[in-house]
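The structure appears right after this line, and notes come after that.
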Amino acid sequence: MPDVAIIGVGLHPFGRYPGKPALTMGAEAARLALADAGVAWTDVDFAVGGSYEVDQPDAVVAEIGLTGLPFTNVYNGCATAGSALALAKQQIELGEHRIGLVLGLDKHEGGAFTADPTSYAAPEWYGEMGLFLTTKFFGMKINRYMHDHGITQQTLARVAAKAYANGAINPQAFRRKALSEEEILASRMLNFPLTHYMFCTPDEGAAAVVVCDAAIAHRYTDTPVYLRSVATRTRRYGAFEVHGTSAAIEHVPAPTVDAAKAAYEAAGIGPEEVQIAQLQDTDAGNEVMHMAEVGLCADGEQNDLIAAGATTITGRIPVNTDGGLIANGEPVGASGLRQVHELVTQMRGRAGDRQMPTVPRVGVAQLYGAPGVAAVSILTR
Amino acid sequence: MPDVAIIGVGLHPFGRYPGKPALTMGAEAARLALADAGVAWTDVDFAVGGSYEVDQPDAVVAEIGLTGLPFTNVYNGCATAGSALALAKQQIELGEHRIGLVLGLDKHEGGAFTADPTSYAAPEWYGEMGLFLTTKFFGMKINRYMHDHGITQQTLARVAAKAYANGAINPQAFRRKALSEEEILASRMLNFPLTHYMFCTPDEGAAAVVVCDAAIAHRYTDTPVYLRSVATRTRRYGAFEVHGTSAAIEHVPAPTVDAAKAAYEAAGIGPEEVQIAQLQDTDAGNEVMHMAEVGLCADGEQNDLIAAGATTITGRIPVNTDGGLIANGEPVGASGLRQVHELVTQMRGRAGDRQMPTVPRVGVAQLYGAPGVAAVSILTR
Amino acid sequence: MAGVPIADGLFTWPSDEPRLIGGSCGRCGALSFPRRAGCPRCGASGPVEHLIGARGTLWTWTSQGFAPKEPFNGAIGEGGLGVPWYVGLVEIPGEIRVEALLTGVSEEDLRIGMPLRLVVVPWRTDDEGREVVTFAFAPDPDGQRSSETEEVGARA
Amino acid sequence: MAGVPIADGLFTWPSDEPRLIGGSCGRCGALSFPRRAGCPRCGASGPVEHLIGARGTLWTWTSQGFAPKEPFNGAIGEGGLGVPWYVGLVEIPGEIRVEALLTGVSEEDLRIGMPLRLVVVPWRTDDEGREVVTFAFAPDPDGQRSSETEEVGARA
């Protein structure tokens, strides 16, 4: 079965672009990724797209060329990029196609998401009672985690401060102003223990990745990065999840734990080998919990690790080196491909001011979203 | 590489169900398909969902069981089921999974679709001028086709009358009243030459299919139907397509032609072997053109074939034996799986009043939708 | 108290001792709330009605520092929810954890493990002038803290 | 005629002989309308401006028997579009086919192959009271029918 290589990445920086359609941003990201790979669009065999706001990202072919290729759109909330990468990987592994484009694009214009609870299998009264909100779930999840494992609110502030610090040295970030832990703690309390500056915001942007059969990667690049595995999982009965009206007392791990286990196993790589991680930091609490869920540390070790700077760019296991969701915002369909863009950029040693001192060999990207789906990808160079 | 078998199908009849959420209909269709296959949900390794109205059909797990399985949502407009089947087939062929559920569900409450033109890569002025409509494209396409190939409006009326006649003997159809060709021709002209009764309407419903590695199909059924191939394609430059502000003078075939060619080739089966067809009949003109596009006849032969009853249930090559979109309506995400439901039902000889006299061995299902995507699947028993 | 429940089949009403109406799976025994058409663990259809215990402890909680958007239809401020308001996951011992609004609490006295009891509270006045009621959990002075009350961590 | 175009870069205006503004690909030569950031055939970026011929023939057409919904913002009825109104694909010989509203036509005289010419027509009055204009195609008494005028089929 062919290995899969990433030979090009492209990013339309995340932020606010009034009047600029999502598909236009998507076309720009696609062009950048193709140019980075040195691949002509007419040589691409298939494509996969992901977006929340745009039902059919494949419509981008009107902008980048009507070549007739198969172009499948996928959507799994915040984990969309995981599903897209998995599908692309499968198509190359089957040998039917050799070169593919994976594209994410979105445009969320201000404010939180609104939706019909019944479209998420939640009852109508759940929405009427004001419970159909993702952020309050994150507050409840980290509050219990802090209780069980002694994580402090100071640790949450440190995570957010790191995100803004990384954003400040990333020319493509949305939030480019460093914020102190004090400023973060003093900002408005949104969902105890999470303050305003501990959250990311929905925004706009696009990201693209060109993948190919690893056997032909050398034609395009001297620095291929290999997509070793992608695993996606939904929640099991007993996991405490978004939009859950109830949860079982029997406790089972979160879907990220299941996805990570499957991804490590498929890659033949253990979490102790990971040198850089991109984790879903919808808020600072999520980054803390996801560190343990993907096996980078044991539950409760985060206080000391983070206080010691282990997750900063010069630390032992840098997390969200480009500022993550907190500094980049989250255009849902594109967010996970921004993670891959950053891993590839670091693994190629091209991250500029935010380059890790030692170019990493093994990276992990993790996504989590409503209504309880996770994706974990392992990359190596 | 494993062959892929369909071992169960389930249908929540299409129609209007005020107050009933799409996911509830999806859960019912999934249960029916699982019961038909004799498979427990806990034995299903993966799932694929498709829907227009519900962003994340995977939320159905709250109704049918939180087993933690990977559940990918896909969306390619009217061709969604093709993308979903293709993805399911790939996962089984890769050998990672053995049993999968493919689920489509939707709930369109009255009226035509509205959307933002820029989400389909069409300019804003195109919508402001009233051009962002799919039905007028279908009127223009069949009008030119009639000009080039001598198809008559009477032929269009015959196609619609056949759809209503088949619907009348299908207990699960939405439109169950036979209509005469005269009534169809006399109904209001919507988009010349297409009258009101020549069009399908958006509605609500769900359909599900259980697929497995053919090597284990005998554990579940004596009448497996094999999914020989699925091909999906987008439009090429030169094809005359929905939401096109312009078209090239150089003419290339429609995406259905490309998808059909790829599907026949992959299946090792030619169009002359097809004994039953389910074609995208968004309107009667589409059925006429799609007959030729999937190779069931040459351009222009439709007048005589249809006048002779060749596409009726007792004809040489029955088309849309369950009444198609015209008699069932189109819940977009579910529509293509209804086609598969009907092919499987006919191939098992269980279609009751509408059963073909000779149980068919080879069937084709074809989908086409905005902004110019097509899917063709080949099934055999 | 009178009033129309916010939804049918959600809690026993009218009642002096209202209970939440859950489902119990005939195949695997899993409990769920509210009762659905299928079992959330094994997928078996038709869980049977199960009245959930009215007393429990707070498993986790958070505050809600901004008013929710549609489809929220309760009142905010005077006579309605305060801002911030509070929501928690309440563990009913040996049964299930239920997500619910918390009433009669403040950030200062909320503690994981504190005893709570089910109450039915006014929610809104509907278009026909009827009082709509819903369920919430309130501090239970007669209850016991859960056995795992010790907080490992401290607030910053 | 005065008026503000419905969109920038769509047609040359004001002008006695307006032309649609298309794009021509520097790599493969493909034409497109309107001009986009990329070539719809090969994907090369930056097609250059190409003024499309103002005369053509009707490649196909249909009627529109119901008023379109938003984002349609023109007038229906008095002084606006009639119902039904007409739309077609107009072939500009040797260049491209353009989708457009048809004006000054009725179902009786519409024929595939008939000669048409570009016109700029009133569309609506905007919020500031300005007349907005757009493009359409109208019968061209000086034009030639296309060479493939023969209709194989007949209307029912």
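Note that the chains are named A, B, C and D in the order they appear, and that numbering of residues resets to 1 at the start of each chain.
We take it that a contact is a pair of C-beta atoms (placed from the backbone, for glycine too) under 8 Å apart; a residue touches a chain by one contact, two chains touch by 3 or more.
Only a predicted model underlies this, so the values are computations on that prediction, with no experimental measurement involved.
Student: Sort out for me whether A-C or B-C is joined by the greater number of C-beta contact pairs.
Tutor: It is A-C, judged by the count of C-beta pairs in contact.
Student: Report back the single chain whose CA centre is most distant from the CA centre of chain A.
Tutor: It is D whose centre lies farthest from that of chain A.
Student: From the C-alpha centre of chain B to that of chain C, how far is it in Å?
Tutor: 44
Student: Calculate how many whole Å lie between the centre of chain C and the centre of chain D, each centre taken as the average of the chain's C-alpha atoms.
Tutor: Each chain reduced to its C-alpha mean, chain C and chain D end up 61 Å apart.
Student: Just curious, how far off is chain D from chain B if you go by their C-alpha centres, in Å?
Tutor: 33
Student: Going by the touch rule set out above, which residues of chain B reach two or more other chains?
Tutor: Within chain B, residues 62-63, 65-67, 237 contact more than one other chain.
Student: Multi-chain contacts only, two chains or more: what residues does chain C have there?
Tutor: In chain C, the residues touching two or more other chains are 40-41.
Student: Pairwise, which chains touch?
Tutor: Touching chain pairs, listed by label, come out as A-B, A-C, A-D, B-C, B-D.
Student: Which of the residues in chain B end up touching chain C in this complex?
Tutor: Checking each residue of chain B against chain C gives 24, 27-28, 31, 34, 40-42, 62-67.
Student: Quick check: in the complex, which residue numbers of chain B touch chain A?
Tutor: 1, 21-23, 52-56, 58-63, 65-77, 83, 86-87, 90-91, 93-94, 115, 118-122, 231-239, 252, 255, 258, 370-373
Student: Please output the residues of chain B touching chain D within their complex, sorted ascending.
Tutor: 111-112, 114, 116-117, 123-125, 127-133, 136, 139-141, 143-144, 146-154, 156-157, 185, 188-194, 237, 240, 244-249, 300
Student: Quick check on the complex: what are the chain C residues that touch chain A?
Tutor: Listed in rising order, the residues are 6-7, 10, 22, 30-34, 40-41, 59-74, 81, 84-85, 87-89, 91, 94-99, 101, 107, 112, 123, 134, 151-156.
Student: Taking the complex as given, what residues does chain C use to touch chain B?
Tutor: Going by the criterion above, the answer is residues 36-43, 45.
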